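Shared chain: subunit A. Partners: subunit B in the first complex, subunit C in the second.
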Partner chain A sequence: MNTLAVKELLYKMADDQLILGHRNSEWTGFGPLLEEDIAFSSMAQDKVGQSQALYQLLHELGEAEPDTVAFTRNADQFHNSQLVELPNGEYDFSLIRHFLFDTAEALRFEMLTQSSFEPLAKLAKKIQGELRYHTMHANIWIKQLGSATEESIGRLQKSLDEAMPYALGLFENSEFESDLISSGVFAGEEELKSKWLEQVEKIIDQTQLTLPDVLTLTPKTGGRAGIHTEHLQPLLDEMSEVFRIDPTAEW
Partner chain B sequence: MYGGGNTFEPMKATGIENEDPVLLAEFEARIERGEKIEPHDWMPQLYRKQLIRMIEQHAHSEIIGALPEGTWITRAPGFKRKLALMAKVQDEVGHAQLLYSAAETLGKPREQMLDDLVTGKSKYSNIFNYPAFTWADSCFISWLVDAGAIVNQLANARGSYGPYCRALERICAEESFHLKYGHHCVIHLATGTEKQREMMQAAINRWWPPMMHFFGPPDKASVHSEILMRWKVKMSSNDDQRNQFLDMYVPKIWELGFTIPDENLKKNTVTGKWEYTEPDWAEFKRVINGDGPCNAERLAVRRTAEERGRWVRKALLTPKTEYVTPLA
Partner chain C sequence: MNKSLDPRVNRLDLPQGELTPKVPLDQFGTFEVFVQLKEGKGYRHEGSVHAPNIDMAFLFAKEQFSRRLMCAGIFVAETRNVFVTGFTEDKDSIYNHISDDFPEDGEIENYEVFHLNKRGKQHEHIGSVPSKNHQHALAQAKGEFIDGPPVFNIWVIKTADILFTEEEDMIMWNTLHEKKFRDASDYKAADKIKAFKERQQ
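Moving on to the complex of A and B:
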């Protein structure tokens, strides 16, 4: 097993979960209805908890403690996709992002239940169960709002068009792609992407939305290599504001 | 979380004289026997009105109360605190949902209650009109404001209206976890670095006056509420609740080595009651009537959330497909 390759895989997944979990938690107190405040908070808790578990695996492979890894790195040391760091925007954007991201994550962790890296396969089985609720939530809302009023359909379509190139960035290939595939750690981003597209199409087909032609889009990549939009560093500054007062203190 | 000091409808004209005396006597006898009143039971108009007002204020306090602490979710130091605070504030929003449902059983729709909140027609707990400047402020709220809320809510859970009592029982069980979480945070600041201790002491100094206001004006200055006590709408007096809170928590604050900014604060060993400097009740009145440090900000945030979410709620009301409930 190529440890570097496994670490890279774990880092990008953990960072994705942490950053989107953080964004989801920003809806607390601001949701379009109380039930959505509560739902986004539940998903936030799951995601932040999942990131913690993934950082813990990294810690067991020799990386620093989860708190240190999460709360003291700068943006260029983060490997999350740019999709998750974008601001929440209006509810339509948050919902579309949640749908596109969680459809991919549910499939990713389903694939990882077969991973030859035993600790990850075990964790993936647990996370997969949580993600089932996230995709159920996303699908219900996409189907409802994607076929309701002219305004809701228009808003979702606009956000779908905006988010799609960033969503394609989720599948940015790693330099270790062939290592991961041949060692059976992970079946690879290309396979995940084609499964994802199939599932996304299946849901969008049940609405009045139109899926942009992915072949004409340029994926927004770079996130996996530490290249980010201007939105990530301020998020991290906020997240670590208290922690950095004294990183050695017990809070 | 929620405190006492509910503002009830002015009681000059109760309208009780217009109620059917037989039904009224039966209603009062049921309450006297400790029975719960349920949504479809007969009840005097005044009872319905005061309960809507009280439960609605409580629900509003939960969602407005989520704001000062909510701003610390994204800044909570470390995984343990971040996860716990998210769950804690989520609980508060869940309490609002539960309470709006309880109030709806009395005939006022949730959307209308939320409208009355953002237009300033209905009140919410005064304490949330103060800012949470530091992490330690959020710890104060989680521990002590929630502790105060438990004192109030445990009393109200013994009230006469069934749906409200049942909601409160569930709420109190969750609040007791919040209190443990808050206490745990405060203990860490108390036993941490010099800077952490200073942060916590400053938070106590800042929050003590609003905390004393939390239970409402002294009994001698309160609106006459005999009938609300008899109907088990109001379950204990403001001063009694304040005294109970001081009795339970002042020793715990002192135990952690903090001071409380009131040199007259002490327990009278003869009466068993706490003595303290009366907080500034003119300030309380001013803040509750809209002129506090954060009133405008809190309502503006809520108003924005309502406006930004309107299209979503509208889309939920207009599904393209009509579902017909099967008859069997």
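Moving on to the complex of A and C:
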């Protein structure tokens, strides 16, 4: 097993979840209705929890403590996709991102239940239930608003068109792709992407939305290599504010 | 008609004289939520959620009523599909007031029956009966439960009107026991304040 390859995989997954978890938590108290506010906040909390579990695996492979890794790096040291760092926008964008990201995330962890890296396979099995709810939540909302009114369909369509190139950036290939595949750690971004497209199409087909033709889109890549939009650093500054003032603070 | 001095009244958009249908309130309907705390235990009414349809009611119910403690399953039913008897108290069971007669209309299908065993507590699921209609289900439950401990109120819901957790979705609650951080008690705030005060002295 190539430890560098495994670390790279864990970092990008953990960073995606931490950053999106934080973004989604910005809706807490501002959700479109009370019940949804609580549901979306709970899922944000799940994501941060999942990232912590992944940082813990990294720690066991010799990286720093989860809190240090989460709170002391700058934007160019993060390996998350650009999709997850984009501002929330209005709820339509947040829902579309939730749908596109969580579909990929659930499939990725489903593939990882077969990983030859056992601690990861174990974690993947453990959180399958959480991911089941997250994708159920996303699918029901997209089906509901994707076939409701002219306004809801129009808004979702616009957000889908905007988010799609960024979503394709989730599958940016790693330099270790062939290592991960041959060692059985992870079946690879290309396989994940094709499963993802199939599942996204299956849901979009049940709505009045149109999936942009992915062959005509240029994926927004770079995130895995630390190249980010201007939105990531302000998020990190806010997220790590308490930790930077007092690294020993407990809450 | 005169405009009101209160802008909130003007925003109500009250009808202007002609006979018009009343506009429905701009809010979602309600759904009743039932939770099973542990596999094998009975379902218990936990509360209600607002939602545009039953699928979304299920989504909301999951986080509303099972984000803490324990849960093995949830089901939801639209409030209007819950049929409710009158109330009794003390030793008088509501079954003493239920008629043995029922209308003959309807095909036989399953109905779920819920008992209120203590005033102020939740309704608990006690079983299902194949019946032609809600009244028939109640009459059948009477035969079985009238001699038991007093029941103060009964709910009857047609099984087909309930959205149950799918077998494959039961894993959604697998990690719930690890989420103690969602409980205020996990932060031991009182202990921390006490320790802080002691340090101040």
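Rule of thumb we're sticking to: the second predicted complex is superposed on the first by the 247 of 251 C-alpha atoms of A that agree within 3 Å, B and C clash if a C-alpha of one lies under 4 Å from a C-alpha of the other, contacts with A are read in each partner's own complex, and residues count from 1 in each chain.
FYI, contacts are C-beta pairs under 8 Å (C-beta built on N, C-alpha and C of every residue); 3 or more make two chains touch, one makes a residue touch a chain.
Just so it is clear, the model here is predicted, and its values are computed rather than measured.
J.: Do subunit B and subunit C fit side by side on subunit A after the overlay, or clash?
T.: They clash: once the shared chain is superposed, the two partners overlap in space.
J.: Return first, second, both or neither, reflecting whether A:144 touches subunit B, subunit C, both chains, or no partner chain.
T.: It touches subunit B and subunit C both.
J.: Classify the contacts of A:199 with the two partner chains as first (subunit B alone), second (subunit C alone), both, or neither.
T.: Neither subunit B nor subunit C is touched by A:199.
J.: Just to be sure I read the superposition right, which of the two partners does A:246 touch: subunit B = first, subunit C = second, or both, or neither?
T.: Only subunit B; A:246 stays clear of subunit C.
J.: One more residue to check, A:129. First (subunit B), second (subunit C), both or neither?
T.: Touch status of A:129: second partner only.
J.: Residues of subunit A touched by subunit B versus by subunit C: which partner has the larger set?
T.: Touching more of subunit A: B.
J.: By the touch definition at the top of the document, which applies to A:44: first (subunit B), second (subunit C), both, or neither?
T.: In the superposition, A:44 contacts subunit B only.
J.: One more residue to check, A:35. First (subunit B), second (subunit C), both or neither?
T.: both
J.: Who does A:113 touch here: subunit B (first), subunit C (second), both, or neither?
T.: neither
J.: Going by the contact definition given at the top, which residues of subunit A touch subunit B in one complex and subunit C in the other?
T.: Common interface on subunit A, subunit B vs subunit C: 33-36, 38, 42, 45, 49, 144.
J.: For subunit C, which residues count as touching subunit A in their complex?
T.: 28, 49-53, 55-56, 59-60, 62-64, 67, 168-169, 171-175, 179, 182
J.: Within the complex, which stretch of subunit A touches subunit B?
T.: Touch list, subunit A to subunit B: 22, 25-26, 28-38, 41-42, 44-45, 48-49, 52, 66-67, 70-71, 90-91, 144-145, 147-149, 151-152, 155, 238-239, 241-243, 245-246, 249-251.
J.: Where on subunit B does subunit A make contact in their complex?
T.: 63, 66-67, 70, 72-79, 81-83, 86-87, 89-90, 93-94, 96-97, 100, 135, 185, 188-189, 192-193, 195-196, 301, 304-305, 308-316, 318-320
J.: Applying the document's contact rule, which stretches of subunit A touch subunit C when the two form their complex?
T.: Counting only subunit A, the residues touching subunit C are 33-36, 38-39, 42, 45, 49, 126-130, 132-133, 136-137, 140-141, 144.
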